[in-house]
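Presented below are the structures under discussion, each in the form of structure tokens.
Both of the next two complexes hold chain A, though its partner changes from chain B to chain C.
Up next is the complex of A and B:
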């Protein structure tokens, strides 16, 4: 280990690297061991040493970049890097620029997005959202429009900067839904923009969740309802359903909207019925059949069973046991 | 440069394709090392992209015994083509020859139901190899070694292998990963992480020796968990790291298996939020993770996802009896509907999210939700044996068994996401876990072996094999039963808990 870029660098002379302990000193062969490249072994041995000393320095910052370039999945080095950036009061916009490149290179990486959030959470550095931030997220979505880490980060962003009503948010969601009406991640984001808890309410997938004042059955039901907004969203969902009726996303979005408004599925009986002609056998959406079943379940048991039976026998038979369970619950 | 004393061993490189696992800290290694497989797996894409009359690839007659449900495209398909339908159609084209039993990449033999046998010996060999050395290209796995050990040991245990024979090697590997400030990291000098700690603790439980149990510094672990507890009830995965449902599940597994005190350490900042216990506010946090679709997301407000659904439901099933905790914190009708919609035909397997593709790993993440929900619906156990009335299976065991055995077995051993993908230890472990779950009925009893009542319901689970007339697989394909919460054998979880119950804990 005497040879290497750190061992030969006078800047690192003061550091005694901590060699990897993989447990082999015990005499037993370690499991799932990796034949590390020598440059990785050396860099991480210096990383262990500077971390043990909690060193906050320029050289330690460069070391973290080196380790990240060798293994971006090394979560420890990201957390250490964030600490150093704040301790040395580095230019975080510059860090974001660098991060953009790394993010596009390693699309599936977890650590990058948490790191970005840690930086962005600094009110001192970012009192408002940087202008290019949403552009970059759209660049990420161009690579993978359902990337879970990026959507998680975007949800955090809207809460942190209170962006629910920023026109750009809705525009981006609409362009993604226009490009692929089946992008369920975009539908989820739209729901959070429109009906998610705001301001001082804790983050939640549905309003009223996890509160001592309401039960699980009451989750998602708003206390104050903007009926115009609800109607607008229902019309939007209808237009998207017409484009592709066998698409679960807008049907379930509409259920969420009606739920938020405290309105039942019954008001869409006519709309859902347009996709289900049981006489001619022309059924264009299994989700419409399920919708009708739920409409009929309260009061018209026989018709509900008829719809569930269609799903069970013809349109969604892999879920036979679930449809049978639903049939058992219907009061005929 | 080799880091291990002694001679290098020659192994195959099973991680050539490793997808990002929801619970892992790793990412997919960029390097493709399994050239031979790649060529063998390449299939002509005969899918037409025209909006009308999209056709499926294979026209060959299905193997006798295979129902039409598993050989035909779904009855309703929209003409509008988008990226989602392109990917879905491509997946169907790849799966159909395997579901029909007409692919020349399947080994067989096929049984009377048209289902190929489990290639047990190939998978055992694959998993033993997965525990040995990896070449330099796998450096991205450096923070996931506790996982690799867990996946290997769990997969082998499911296949009936006795992993206690490697207990010295497990201890040697895991010892340097523990930090004096509590918890286990992904390797020596890496900060402690709940996912690494979960994998390390479960690996120690599977080898099951006193030496292994004694390795864990419980006092430091308890202090560390106190630092990870957040003011909204959840847990960060590591100090300075993100907070999500994985953290909640992994922490609850560790607290309950190690029989840690429930009290928050006196110095825990979460006390400022009004919490006294490590588990205070946790159910409410998970409640906020249920999305309007009914499924559960990684953190509040994000899209519902199968892997996080398992973490949340398993966590609730540790906190108390599922008929109380799941029923209290989850909207059950919404959850059931979303979970049920994860199963697709003709594939038979599960997807993780709405409008996403089937993937073998969800055999566990989604499949593993079902016993927990069924138990919640069945209600309070009345006896020490299986309940006389039960809501039963609400998903298609046959569909999942077909997907696993027909589509997920790699011809050279190991299991995978879907046809055309490489096998890896992650998928091998969780596809087999899913298969085992379909082969058993899981239920709770009214008795628990624990003296300490904390989490006693989590230790009251039992299982019995499904009866032969329910199955499309053969007797020789049967796997060991796993505990539906701890994802290790029941007796391994019980033994670990009882060992720590007998050990004094000085706070």
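Up next is the complex of A and C:
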């Protein structure tokens, strides 16, 4: 390839590009072949050449930027770029600035967020969280408040910099829930802030969830419980339920809170009961009906079946088969 | 909300011929230039294409043995000398240039290795050229202390990539294909740490019952499929059949998982909202509509919330919810997270996780196969397969073959044209999938699918998805 911006650039004269070998020469028939544009073929041929030479240079850094702009999902170009940044002792705050633009352009890209995490994990560069980091994440959430990659990264930030009790953290979550009470990602993050493990263990999952020795009853139950916090969170969930009673998120949040505290769903029988008037048949939340069914399922089978039947026949017919499944499990 | 009566429209059908044409086009012609942003996922795209044709029973009839052999040769072309496969040929700088110093820039990739092995099997290869021992030696190096797996080994054999159930499922699949139940011939090769692996997977269960990418993240149907798929691969590869709680009916883990999966079904299809969504990078599903019951009942949320006491009156002043007559809902698809809109791919992820046992020759065990019962959670009966089927076939099946991710526009000439254009955009635009799509091989028998339309064919029997596209057999 004699034409092209690299071929014509004196800075790249010393490099012999390595052309793509897609196997056709040896008789293979390439699968998922793409009609590659010539600028992509050229840029990647120079990328292979500098990678083969392990070149850590400014021009290689610029080349990675070019390739990333064409294919941000390229899984080695990001690793290579990170290596160059550290080797050349580049200003990582500048890199974050550049990354902000790329992130806003490719909202759903996974590699971008992993790269950010790789940079941020450098204790030498970031002994504490950079001041603008959380602002930028809120900017991302303004684009898509449920972006899974961004929440994953934010979760990692909390654990890495130990930010569970940073007031800003809970404030951001509350403002997102206030803006959209159905934002389940924000509810989930709140749960992690409130009940997630704070030790350094990387695999810190739901309490007792993965241990072969724990019983099903112990799953998700914390060993040390701050009852005031639990009560506070339950009241928070109630207030949000009243805002939108058919919103599943706070109902499930409350189940998680009760389980973490080792307290059962029975505690909310009264609250859920306010949404369901069995005499008049008035129902103000189908999730309250489900809650009551779960309360009754242990011991009051007839009433549980009555609740499941309400769901099946009147308020949640899409899940008819599931409610039948639950009815079969009830011991009347 | 869907208004038409279910009984009014004829039984929707799967337009098999068009889907076959669509996949053949993907197989035999160049993908458009915009696909360069999926260049590194070519082994996955190949997998979607080949298995798409296979599930439609067309791979062997529409390709010649010579073609299949040439495809096999390309997959092997992507095998790295040290074992495992690349995701695409683009990282290969040639055997003569490869050194211990630079080989980290051309690494084997965990998902690509899984897809490559399945591609070989689907194409009828005997895996004789697979660097089996090297690949099995490489695999444990990808496992972290927490039991999870990374994507590739970087410089200095650093594990790169997040802790992520997708990599876990692919790793378990590689292990199952190459080690099998007996591990015959590879007894000396160090295995992965299975107990830690299981521990990680179970720790990914969220407080609402679904499975998340990693512990304490939000539950997601794609990751849920990967969690159950991982355990299914382990179960099949093991002679030790101690039950895992997550797969044990009656356990809290199992029953809350089933409840979470069932609650993913929704008739919130976003049909009115998606008019202007054909631009941009939004390849994830949108958010479910915010109901108008919010504003009227917004209590003051402040720092004093802990003392907020709700009176019964506050609740009694809320509107009563209306009973929903069953015949007013024609279609119901699935979402992938709580309070999100339905999206075609989640009919697969949720449905396949719940899949029921079906006997038949499984893709991987056709040669060794003492046990060939497919079983994920074996609870597919809890979903509404009729409405899901209608959702897929009436709402997202596309004229030119393939399936869109969300319903198209309603009839009307200008609209229809735009709808068609948008669908074609979906076929041609490079959109990196929010998750890597792959079919439920852990739950899918390759042959002997039930022919009955009555069974939940809309779910596990079939989805084969390309970015934004899905096919149902």
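Basically, the second predicted complex is superposed on the first by the 317 of 332 C-alpha atoms of A that agree within 3 Å, B and C clash if a C-alpha of one lies under 4 Å from a C-alpha of the other, contacts with A are read in each partner's own complex, and residues count from 1 in each chain.
Convention: a residue touches a chain if its C-beta (ideal position, glycine included) is under 8 Å from a C-beta of that chain, and two chains touch if they have at least 3 such contacts.
Computed from a predicted model, the values in this text were never measured in an experiment.
> Should chain B and chain C be called a clash or a fit once both complexes are overlaid on chain A?
clash
> Looking at the overlay, does A:286 come into contact with chain B only (first), chain C only (second), both, or neither?
In the superposition, A:286 touches chain B and chain C alike.
> Figure out whether A:238 sits in contact with chain B (first) or chain C (second), or with both, or with neither.
In the superposition, A:238 touches chain C alone.
> Looking at A:53, would you say it contacts chain B, chain C, both, or neither? Reply first, second, both or neither.
After superposing on A, A:53 lies in contact with chain C but is clear of chain B.
> Applying the touch criterion given at the start, work out whether A:126 contacts chain B, chain C, both or neither, answering first, second, both or neither.
After superposition on chain A, A:126 lies in contact with neither partner.
> Output check: A:164 vs chain B and chain C. Expected answer is one of first, second, both, neither. What do you get?
Touch partners of A:164: none, neither chain B nor chain C.
> For A:274 in the superposed arrangement: first (chain B), second (chain C), both or neither?
A:274: touches chain C, not chain B.
> Is A:38 in contact with chain B, with chain C, with both, or with neither (first, second, both, neither)?
In the superposition, A:38 touches chain B alone.
> Let me check the overlay on chain A: which residues of chain A are in contact with chain B and also with chain C?
18, 20-23, 26-37, 40, 44, 48, 51-52, 70-76, 79, 83, 106, 108-110, 114, 117, 145-146, 148, 151-152, 155, 180-185, 188, 191-192, 195-196, 202-206, 209-212, 216-217, 219-220, 243-249, 252-253, 255-256, 259-260, 283-286, 314-322, 325
> Can you list the residues on chain A that touch chain C in the complex?
Residues 18, 20-23, 26-37, 40, 44, 48-49, 51-54, 70-76, 79-80, 83, 105-110, 114, 117, 144-148, 151-152, 155, 174, 178, 180-185, 188-189, 191-192, 195-196, 201-206, 209-212, 216-217, 219-220, 228, 231-232, 235-236, 238-240, 242-249, 252-253, 255-257, 259-260, 274-275, 282-286, 314-322, 325 of chain A touch chain C in their complex.
> In the complex formed with chain A, which residues of chain B make contact?
Within the complex, chain B touches chain A at residues 1-6, 8, 19-20, 25-28, 69, 75-78, 80, 82-85, 130-136, 138-145, 148-149, 152, 166, 168-176, 185-191, 193, 232-233, 238-242, 283-293, 297-305, 327-332, 336-337, 340-341, 343-345, 348, 353-356, 391-396, 399.
> Touching chain B in the complex: which residues of chain A?
Per the touch definition, chain A meets chain B at residues 18, 20-38, 40-41, 44, 47-48, 51-52, 70-76, 79, 82-83, 106, 108-111, 114, 117-118, 145-146, 148, 151-152, 155, 159, 179-185, 188, 191-192, 195-196, 202-206, 209-212, 215-217, 219-220, 243-249, 252-253, 255-256, 259-260, 283-286, 314-322, 325.
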